[in-house]
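Everything on this sheet refers to the single structure shown next.
The chains carry the letters A, B, C and D, assigned in the order they are written, with residues numbered from 1 in each.
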Amino acid sequence: MDFSLSLITFIPLAGVLLLLVMPRNNAMLRGTALCVSLVGFIASISLICEFKPIADYQFVENLPWIAAGSFQMNYHVGIDGISLWLVILTTFIMPIAILSTWTAVEERVKEYMICLLLLEVGMLGAFVSLDLFLFYIFWELMLIPMYFIIGIWGGKNRVYAAVKFFIYTMVGSLLMLIAIMYIYFKAGAGDFDITRFYSIGLDPASQTWLFLAFALAFAIKVPMFPLHTWLPDAHTEAPTAGSVILAAVLLKMGTYGFVRFAMPLFPDATARFTPLIATLAVIGIVYASLVAMVQEDVKKLVAYSSVAHLGFVMIGLFALNQQGIAGGMLQMINHGISTGALFLIVGFIYERRHTRLITDFGGLSKQMPIFATIFMIVTFSSIGLPGTNGFVGEFLVLLGGFESGLRTWTIIASSGVILSAVYMLWMFQRVMFGELTNPKNQVLKDLNAREIVIMAPLIVMIFVMGIYPTPFIDKMNPSIDRLIVQMKQKQVAHVVAPVTAPGRAGIPAGYPELPSGHPAGEAK
Amino acid sequence: MFDNVWLIPLLPLIGFLVNGLFGKKIKNEAVIGGIGTLAIFGSFLVSCGILIQMIGTSPEHRVFEKVIFPWIHSGNFKADMAFLVDPLSVVMIMVVTGVGSLIHLYSIGYMHGEEGFYRFFAYLNLFCMSMLLLVLGNNLLVMFIGWEGVGLCSYLLIGYYFHKKSAGDAAKKAFVMNRVGDFGFLVGLFTLYWWLGSNQNIWTINFMELKQASHLLPYGGVVTVATLCFFVGATGKSAQIPLFTWLPDAMEGPTPVSALIHAATMVTAGVYMIGRMSFIFIKSPDTMMVIAVVGAATAIFAATIGTAQNDIKRVLAYSTVSQLGFMFLAMGTGAFAAGIFHLMTHAFFKACLFLGSGSVIHAMHYALHHAHSHDDAQDMRNMGGLRKAMPITFITFLVSTIAIAGIPGFSGFFSKDEILWQAFSNPYHGGLNMILWGIGAVAACFTAFYMFRLVFMTFYGDCRIQPKAKSHLHESPLVITIPLMVLGFLAAVGGYIGLPKLIGELFGGIPNYFELWLDPVFELAQEYGHTYAQVGGHHNVALEWGLMGGSVVIALVGITIAFTMYIKNTELPGKFTSTFPALHRAVYNKWYIDELYDFLFVNPCKAFGNFLWKGFDVLVVDGIVNGVAAVVKGWSGAFRYTATGYVHNYAFVMAAGTMAILGYYIFR
Amino acid sequence: MITLHHYLILSGILFSIGALGVLIRRNAIVIFMCVELMLNAVNLTFIAFSRYLGNIDGQIFVFFVMTVAAAEAAVGLALMIAFYKNRESIDVEDMNIMKL
Amino acid sequence: MELALPQLNFMAIMPETVLSVVAMALLLINVLVKGEEKAYLGYLSLAGLVGALFSIPWGAKISGFSDMVLQDNFSAFFTVIFILCAGLTILISDGYFKKEGCNHGELYPLILFATVGMMFMAKATDLMTVFLGLEVLSVALYILAGFNRANTKSNEAGLKYFLLGAFSTGFLLYGMALIYGATGSTKIVKIAAMAAQSSAVMNNPMFLAGMLLMATGFSFKIAAAPFHMWTPDVYEGAPTPITAFMSAGPKAAGFAAFVRVFVIAFPTLMPQWSELLWILAVLTMTTGNIIALSQDNIKRMLAYSSIAHAGYALVGFTAHNASGVSGIMFYLLTYTFMNIGAFAIIILVGKKGEPNNNVQDYAGFGVKHPVLALCMSIFLFSLAGIPPTAGFIGKFYLFAGAVQEGYIWLAIIGVLNSAASVYYYLRVMVFMYMKSPEEEFDWVKLSPAIMLCILIAVAGVLIPGIIPNSVLNLATLSLP
């Protein structure tokens, strides 16, 4: 029982306590916050080294927490292939985000750093918790710091954006709370451990409702097509560090929720709703790309682009085969890196010109050559050019989608490849190319050392994951296989096993092990 | 030598990294140019080594695969970074590295004094690396890396003069069009992979494995779908009918770029892809017909536009599109070897033509610059009579023009005539062959016409340059003219390694070495082809001689028309345009294709985007969200007034409440 | 012969009169008097039931009710005086500073 | 017939006696000792409360005064809530009343008497004791509401509360009378036995009408929907410490009596009153939340929020299973902390005569007083039911109880209501943090008493929020 996971989750909390007692000297505050997040990152690297590519959960800690009345909740944390990389992404992005606030935020720096570190605690907690109740606690805990970050240090109508973000997510997650309660009572006495919930055989009817409750909460977070309008507002109003973390990690909470909770808990409902969700995802891709094309505000454009990217992730996940889910997981991390980098870039030019309108820029590449190269690399990573990380994820998603039953959806979705090139390059051209007419642009300074240090790790990751993604995929494969086998088994079990045992008995014992790797089921 | 095949793409990559990262500091143009050229020249030497070693080995085992590292392994999908060396890829790497080195050398002179010199050579090296990856890749995914890599580099190089808005637009247009093609490529790849996997349980995208499994593929059906998608990819990359409008705009880039990318290497990627997967394409007769028809149509269509252009580089651009049309015609009629042969010869003379035009433009810039005049250095109307001022450029240009026109004895004749003959005599398309040959012949005539029109307008006739500038006109420096001479020589001599059998017998049975060389690659395709070929393709020798003579006559006719119109009485073109003004305007404006695409795709997308954003996103979705909030606020406002402050109202509500509860329960 | 129902009906009537009085009248003191009326109606019911059931719990309850009514009267009138001192009126209509 | 002496074991009402004695002593001291300084009365009353706290006989089940009262864990738990509520109110009232200039000594005895009344309500197993406890509490509260004689708002609040309180007591009594008539006894255990015994009693309309009238009486006390109209005006008008006291203590007492009487006395009428509560819960939550959305005065907003919270508790009560009832008890305890904490901060920010009770007047409070603003945010997040706070655990248990009983739709309405409630709680934080300060807030002075109260409140909100085991187990052990 090693405590590495709890250590990593609560290092930022220790940082918060440290910051509380420190005097209000901005430089020192920022320094400590940066050190705390770096320590967190180094600790998380130990996770990668010790992580064995096996299917079940590792670094598990299970301590009794609440045992009152008919409920029993444990502090049960652990990670497997699916959540490992998301934890690493969080600890990787945090120091970068904190480093990017050096010149961006001047007033109330102490509260800002506290909010950022609290946000990190919430995110890490959500990724590592295996207890559904604990997951819900961290899921809601994330909202508070993000609300304050957007609300206090945001742009013009930050209040509207912050309140909209909060309540939008809140409504979804509260319905999920009811579903959690319902499952708990359906599963009988015991704790909120998800592995226990995986094994209960729910009847398809209740599965539908429960899946819808879960899916709504996660769809808002992803964000999927009709529920995405909070994202552009939240992004345009959030400060740079806030929107970097919002894009890089918070959006992954929704897709992670689908992979960890919604799909394995309700396999029949997943099978039934796959066409609907695939349709929404495809609409999301094409719709967001078209809308992104006509945006005047760079940040809004990048926000809509992340709606499109996450549409790809959803198709990958709901392809329900090895390539699709691996592609979806990879695309989550890629999107975190490339969109995080894009927001940092928008942050840089916003800090210099205090405007985000594309028309105010033009011909910057002559004025800021280093910035131009970095911006270009990130743009091509976001488009998904082979050799960069975007391509690997997108390719696997589309391949997986094509192989599963979602063929027509995947073809429409792969048209998103064209649209993403259109809007990204059109924006890139209007900002970077063309005549350097605007006098204000002529005096802009290029990136200073700090900004290059911020961008360097992201650029390196873009190429490393693009050229050599094997270590990432190998660590994911076993747990993805387990997920697929588990879901296929439960779906088939319902069809094959006559209703001998009531739902509570779960899978009849001795069910033959399906050959993993071969996408059985509807592929024929 | 086979083992270090990975050196070939690696050297340009190193060149790119060195120039890209340290170019700004080196500042000395010679060093930067040197690094770039040496990098590509190194690969050329390695390629020669591989060519020699392959000539040494017997034809059966001339296939060699080398895996560098496992790239993507997920479930049953395996894609490694691995290279395949076989006769087809050797031909391609020779062309790419050979012409590439010459163009690198040429650009040292041409780009002299440019502000982003290091950036140009870095991108050029990156382009060579991507092209070599494309050509050497042993599975579809590595080919796709090269495929998109060259698209990226063409974007960067076209947009080299990024301060010019037109360059930026052209670059974006090129990339987006390539991306449309890549979309087709991807869908084709998925269909093939999925069908083979789920039906035959062979999960692979490796060419050699696909070749072994190709006998399981049906004739037509899913193969047609897959190959058509691949063909969409090819049209995007090699600028065929639907997706060709980006190539003429790509002339915004510097001339060496046009020479390397838009003449010799990148645009031929589509032809290479069809060649590489000939054993799949041949299995669907419908796709072969589509390819042939599109090839022929592009050839004639681009040739007509070429005749009316005044910008020297645009004429060459349209001629490239037209020649590519010929290559696709060859591929479509199953004459894969002839297609690749024309690809090689075209690389030589078209690169020479582009570089020649570059040297002309270079000289014109220099002269006009000195004369402080602002008329366009690329417009043929203010050139003329340059043959005396620039003898070397003129001779090499003339040789290449003769080659492209298809005058016997030069490389163009052998390759183009072979294509026309194969189009006429191939067993696959029955009656269609005659039409295809006819279109091909007319297109060849047009080619001869506009090429010689270009030569006469620039080099012959009275000199229309600014009088003051005339004195400053002089030949380009050696570093520019050496590549011209080498390419000119190749253009002249290149044809002899692929002598058609007919002429071969005349001179004592010299076999068609080129076809022999490529036989092991395409024999499986020929074998599949024969299964459904109509029997009795007519092969009598007399007809072949007749057609060969016919194509020569056509070329001469083209030349004489050009001669009469542009040398004898120069007002003839004016008379011609005045008699058919509408036709001329249509041809000059590229049959309004660009405007059509804008009207069909670009503007509707923008309008739809705006509608979706302002209309749907803001009005509907946000409307609902804010609407719900407003409704709740409205209710809250309304309910708020129930608290009137009067005690008796409250008492009344309480009493009413009690009565309601009692009534509800007692009388239920 | 007066049965239990007569008493119940009487107390019901008394109770409704009291309740209506509270709703209709505008003077605070009169309202309080009506509330007292309602309490006395309840007392009547208790006594009737106690007599009918034959045990004395009801009557004990009545004592409590009366004492509480007295206490309430004291407090209520004190509050009314304080209100009168400030507003020179104990009319319910004037008690609407706090609304909405 | 010899007089059977009733066994009056005083142990059952030990805490009440302690408090009453202390209260009367305070009254005398107040008269004898001259001088404006009344703080010592506060400390003495606190001592009395602590004494009462220690005199609670935990674990024992003593029924005193021939089953008129029953001292068990259930009433012990509620007694703790009442003592806490009174203690915190006393802590925050000294500064306020000195500032308002009506620093009369009678305040503390009145609060203690009100607490005694609440305790009796919690332990009543006889309708008479319920009535008596209710009246002792109400009378004391009528005076407390109108305590600030000079302020017209306070007068109006006192008078309104008096009139409507008396009116509702009428209905309650009439219900008790009908129940007594139908079953022949006022002992809730006997009522249940009689109802179970003979079906004649059970479907006698008088029995049902009695139960309904009692329900309305109790609903008035806990401010359930149709009977909530008095709450906003009285809460706004009454002096803030008294509003804090009223919003926490009496509501808990109302629920204690409501739960004990209905769960023990009317098991047979379960379907009827469970359905009634279902309706009341939905009405209360929705009215409370929706009207609170557009309130500007922060006291009035907290009044409507307290109505909404009564609605959430009713949800737990509708699902009268273990999880529901223990949820109510836990919820009411933590609600005391959150609410009184929030009111403490309102007292600090308020100037004399409370001119600046509007939410807009809190602009920039987060900038000027970050620590106080943080405490206020914690209270508001807990009221909204956001995880790390006890409010969330309370709501979780309430709604879980409802889901367990199958009232899924009730839980969904409850959840949507709490999502809507988030808006007006966030609105306060918006003004505190996200608006630039117009004033300097220099008049905010932190007296040690208020600081102690806020600290206890914050601890009371966070500790049960993060490690709720001890409190929750206590609640589940002490079911009626």
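By our rule, a contact is a pair of C-beta atoms (placed from the backbone, for glycine too) under 8 Å apart; a residue touches a chain by one contact, two chains touch by 3 or more.
Treat the numbers as computed from the prediction; the structure is a model and nothing was measured.
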Comparison of B-D and B-C by number of C-beta pairs in contact, larger one: B-D
Inter-chain centre distance, chain B versus chain D - centres from mean C-alpha coordinates, in Å: 80
Separation of chain A from chain C, taking each centre as the mean of its C-alpha atoms, in whole Å: 65
Whole-Å gap between the CA centroids of chain B and chain C: 98
Centre-of-Cα separation between chain D and chain C, whole angstrom: 25
Contacts with two or more other chains, residues of chain D listed in rising order: 159-160, 163, 167, 232-233
Touching two or more other chains - residue numbers and ranges from chain B: 640, 643, 645, 647, 651
Contacts with 2+ other chains: residues of chain A: none
Pairs of chains in contact (touch as defined earlier), listed by label: A-B, A-D, B-C, B-D, C-D
Residues on chain B engaged by chain C in the complex (per definition of touch): 640-641, 643-648, 651-652, 655
Interfacial residue positions of chain C with respect to chain D in the complex: 8, 15, 18-19, 22, 28, 31-32, 35, 38-39, 41-42, 45-46, 48-49, 52-53, 55, 57-58, 60-61, 64-65, 68, 71-72, 75-76, 78-80, 82-83, 85-87, 95, 97-99
Chain A to chain B touching residues, read off their complex: 164, 168, 226, 228-229, 287, 290-295, 321-323, 326-327, 363, 365-366, 369, 380, 385-387, 391-392, 395-396, 398-399, 402-403, 407, 410-411, 414-415, 417-418, 421-422, 425-426, 429, 432-436, 467-470, 473-474, 477, 517-519, 523-524
In the complex, chain D residues that touch chain B: 159-160, 163-164, 167-168, 171, 205, 208-209, 212-213, 215-216, 220, 225-227, 229-230, 232-233, 272, 276, 287, 290-295, 420
Touching residues on chain D, where the partner in the complex is chain C: 127-128, 131-132, 135, 139, 142-143, 146, 149-150, 152-153, 155-160, 162-163, 166-167, 169-170, 173-174, 176-178, 180-181, 184-186, 232-233, 236-237
